[in-house]
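Just dropping this structure here.
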Amino acid sequence: MHSKRFYTLSASCPDRIGIIARVSGFIAEHKGWILESRYHADEGNGTGDDSGRYFMRIEVRADSLPFHLAEFRERFRPIAEELSMNWKISDSAVRKRVVIMVSKQEHCLYDLLARWQSKELDIEIPCIISNHDTFKGFVEWHGIPFLHVPVNPDNKQAAYAEVQRLFEEVKGETMVLARYMQIISPELCAKYAGQIINIHHSFLPSFVGARPYHQAYQRGVKLIGATCHYVTSELDQGPIIEQDVIRIDHSDSVDDMVRYGKDIEKAVLARGLRYHLEDRVLVHGNKTVVFR
Amino acid sequence: MHSKRFYTLSASCPDRIGIIARVSGFIAEHKGWILESRYHADEGNGTGDDSGRYFMRIEVRADSLPFHLAEFRERFRPIAEELSMNWKISDSAVRKRVVIMVSKQEHCLYDLLARWQSKELDIEIPCIISNHDTFKGFVEWHGIPFLHVPVNPDNKQAAYAEVQRLFEEVKGETMVLARYMQIISPELCAKYAGQIINIHHSFLPSFVGARPYHQAYQRGVKLIGATCHYVTSELDQGPIIEQDVIRIDHSDSVDDMVRYGKDIEKAVLARGLRYHLEDRVLVHGNKTVVFR
Amino acid sequence: MHSKRFYTLSASCPDRIGIIARVSGFIAEHKGWILESRYHADEGNGTGDDSGRYFMRIEVRADSLPFHLAEFRERFRPIAEELSMNWKISDSAVRKRVVIMVSKQEHCLYDLLARWQSKELDIEIPCIISNHDTFKGFVEWHGIPFLHVPVNPDNKQAAYAEVQRLFEEVKGETMVLARYMQIISPELCAKYAGQIINIHHSFLPSFVGARPYHQAYQRGVKLIGATCHYVTSELDQGPIIEQDVIRIDHSDSVDDMVRYGKDIEKAVLARGLRYHLEDRVLVHGNKTVVFR
Amino acid sequence: MHSKRFYTLSASCPDRIGIIARVSGFIAEHKGWILESRYHADEGNGTGDDSGRYFMRIEVRADSLPFHLAEFRERFRPIAEELSMNWKISDSAVRKRVVIMVSKQEHCLYDLLARWQSKELDIEIPCIISNHDTFKGFVEWHGIPFLHVPVNPDNKQAAYAEVQRLFEEVKGETMVLARYMQIISPELCAKYAGQIINIHHSFLPSFVGARPYHQAYQRGVKLIGATCHYVTSELDQGPIIEQDVIRIDHSDSVDDMVRYGKDIEKAVLARGLRYHLEDRVLVHGNKTVVFR
């Protein structure tokens, strides 16, 4: 968290000799001041040979460079091509656009709006979409448009088409399912891979699917948890961004678990979302590299 | 957390033989159904002789008893006197009256109101008092009176007299300092001993006083925390109700710590407040027994 | 943990009015001094009616009673029958007899013997049984008999018959699988239900069966854990006594996980075993009540 | 944790533009394969200008380089001088020499020897020194020389001179105070700054000095902890390497805390020692950078 404006380069490429030297050399050549940098080699077959993949995230002070982002992109492209990189670069001065999807549970919504209100979460929320109108007044009080898109067994396809239309219309970049409680259509999952973040109310892969606290109660586990993950078309199987747990015991009913769980859910969602928005999460197959 | 109405008896007395038998015998005699009960012997000198003190908390289903709370009190009094008890009994059907004091930080306020809105925290909030008007609109939107009582070096005595007057006027039972950031007057501390709950932004007794995150940064600790405690006239020295910590590392600035700290603060305050409101906290000298 | 000798009564029975009064009344009548007592009502259908089951654990100072354990049992029996109790009572002065089963991993074995050496774990270890002879010297140095019972696909039945014979011969009460890495025969599981404790190297129900750390690595979880449970004939499905987790990240290989996991495994096993030995664990169907 | 032999370069220097480029460029030029690398800018005054200090740790596969360690050092020296670096480089194939100091408590000793026995801790232990002879047999059984150096109020100077002589004689590099319970002489602290590691049985800076669990009991804290730190001449004030905590409650006596504390102490010491031995800890004033 730096007070100065900076650019964040995040990238992955096949591992080989000289990647850091190539990238940091380019930055140094232009007098770029590196604020923070993280690198990770996924060793693949574990022998350290070139079957692995390399990940990086670099923050460079904007005012240390003699050019702006567009020119950075232009000049960096040949290096990226040479290294066969997947890469992107973002500007800390440009707020990301996050659409929040909610249902009737309040905890994640209040938590996200508290962070947004204090600018801890320095994002644009162009709209909040819900299948219920429970939080219409609360959201609108914050000056954020509230869009009610009812979902029922008969209109799912139309409803998700409408969600997609709205997301495009407001130029959404990230969609957060803040206990949205509906299964997103495969079309949305595919179109916005790596852009839709869900909070699941169990410590995955335990208790996939519905009513995880009931499942946890039945099994008699001593800790319950929550998982923040990217949404894919396979339910609760997407790349995990963040998880945490809390201790329970025999005296806790399912209702108690639901209550404890809420505290974990909102904390895990907030952390996972933050990592995502700061380009700290790089997806690697069905896993993530998270440069906290 | 029970769905049925119940009475909660909480008490402490000198330890001796037969306390549980006496109290549970009384309840059984009237066909009282015990939902939950907890006992603790503080051994005092550790030898188990009668220098110790005994603590208990018992939930009895209201509809299992042939009389109401007033008569319970009347009939139980001789036993309490015989055992030299400090005791009280409360009715789950009567909402407790909690006055929240805030300043300009949002996280604990949003968190408490989210819990109140969903009835997870099933209390009356007759008013919220602040030395700033930052959250006037937000609080009033929830239908809760917002009272602005400015505090400055010159008017402290008058300001706290006003806070006391308001607390009395609204029949407040518990006062929560939700990052209120002002030192409460000794008069208030004394008058409402065991009724004022503070959240301190360090893992006490580390980093007493101002700017604990700066102190933590200077010392280079690897975990930071928060402490929920009863307010006494000695700053940050009151009986501790609940604490928790979160891991940090060398890459975290003071601003990062403040941000992580908020998540711990609101979680610890919410847990501590809940224990207090459910009569799970019994003060013993400068310590607490917490029947979670 | 009390310095004085005490008896521990642990029991469960159908829930009804007056259980605590009946039991604590009996103890008080004989001037028994209760050091610690815990009660739990499992509400069954959640309505608080008499479909539920009641659990208790009471420690009484031995020297406060006018009779010894045998007479306590005799006198308590009618009450237990009246309440349809499953119950037992143990004497803190009588060390429990624990047989440890190990294979080739050292961490749980060293950890248990360190606790035994310092009397933190105040038990008799009549022997340690292993399918390998790796730790023969180490165990014998501690003055504990080491019994090598090789197990291979062809001799399983004979091997477990031998284990059973040895366990009986040394009057074993509890069998601890301290990373024993072999699946115990259904006969042993059935014969010693609630007496065999295993440490599984995952946070169950995640990653049942073999190579849980590999499974965790594949799934990309952000925490790994361990589970201490009673062994039943269904693999990794027995009642859970204790669990814990530790944070990992993308930079941790399977080998790193194994290393972190060891620390969780030994801590969780030691806690779970302690609860068991102190009669703090009451089995309820496939779950446990743990009066920590 | 890599299976291949590698060199670990750890260094700090004044922050400026181009540090990573310079160092990684040198490595790439010689076809060095970077397995893992971590960088950290301590921002000093927080403005990101050049008052800060830069830290790094780089693992390079030994067999990827065309020269051995001595030549690496020779060739790297000019760069290090140009950047005004404090630096060192170590070889994963050379075991570090660790002298363990113990008193009469077993938990850290057993824990360290278990890790050493399994090669999880792949070090040389040339001797174990103690002010008591409690663990003579146990240590010698492991084939490690046990040296008894009694310490009493009258012989402290001579005793520490002897400890120093022995440490030098066995070519010790790191000294671990595994609950040694004696205050090391200022001479030793000064001579081996950054080489002596202690485990303190509290979450520093809480409860400095003697009997921290008694202090914790008196204050009524809800978590207790342990701190692994470098020893300096100021008692319990040295740079913190690692800390952790465990939850306790009102029912825990000082003896219970001691017992819980042991589990935290040994885990924290083992983690801190490992970070140190892998050159992951860089001291910065009275704080540490720990590249976990």
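To keep things simple, chains are lettered A, B, C and D as they appear, and every chain counts its residues starting from 1.
Please note the rule applied: contacts are C-beta pairs under 8 Å (C-beta built on N, C-alpha and C of every residue); 3 or more make two chains touch, one makes a residue touch a chain.
If you're wondering where the values come from, they're calculated on a predicted model, not measured in any experiment.
*Asks:* Looking at C-alpha means, what's the farthest chain from chain D?
*Replies:* B
*Asks:* With contacts defined as at the top, give the pair, A-D or C-D, that has more of them.
*Replies:* A-D
*Asks:* Please compute the C-alpha centroid of chain C, do the same for chain D, then give the distance between them in whole Å.
*Replies:* 36
*Asks:* From the C-alpha centre of chain A to that of chain C, how far is it in Å?
*Replies:* That gives a centre separation of 41 Å.
*Asks:* At which residue positions does chain D touch at least two other chains?
*Replies:* In chain D, 36, 46, 251, 253 touch at least two other chains.
*Asks:* Touching chain A in the complex: which residues of chain B?
*Replies:* Touching chain A from chain B are residues 1, 36, 105-107, 109-111, 113-115, 117-118, 120, 137-138, 141, 251, 253, 255-256, 259, 262-263, 267, 270.
*Asks:* Mind pulling up the chain C residues that touch chain B in the complex?
*Replies:* Answer in residue numbers: 2-4, 17-22, 24-25, 27-29, 31-39, 41, 46-48, 61, 64, 247.
*Asks:* What does chain D use to touch chain B in their complex?
*Replies:* 40, 42-43, 46, 203-207, 219-223, 225, 239-245, 249-251, 253, 284, 286-290, 292
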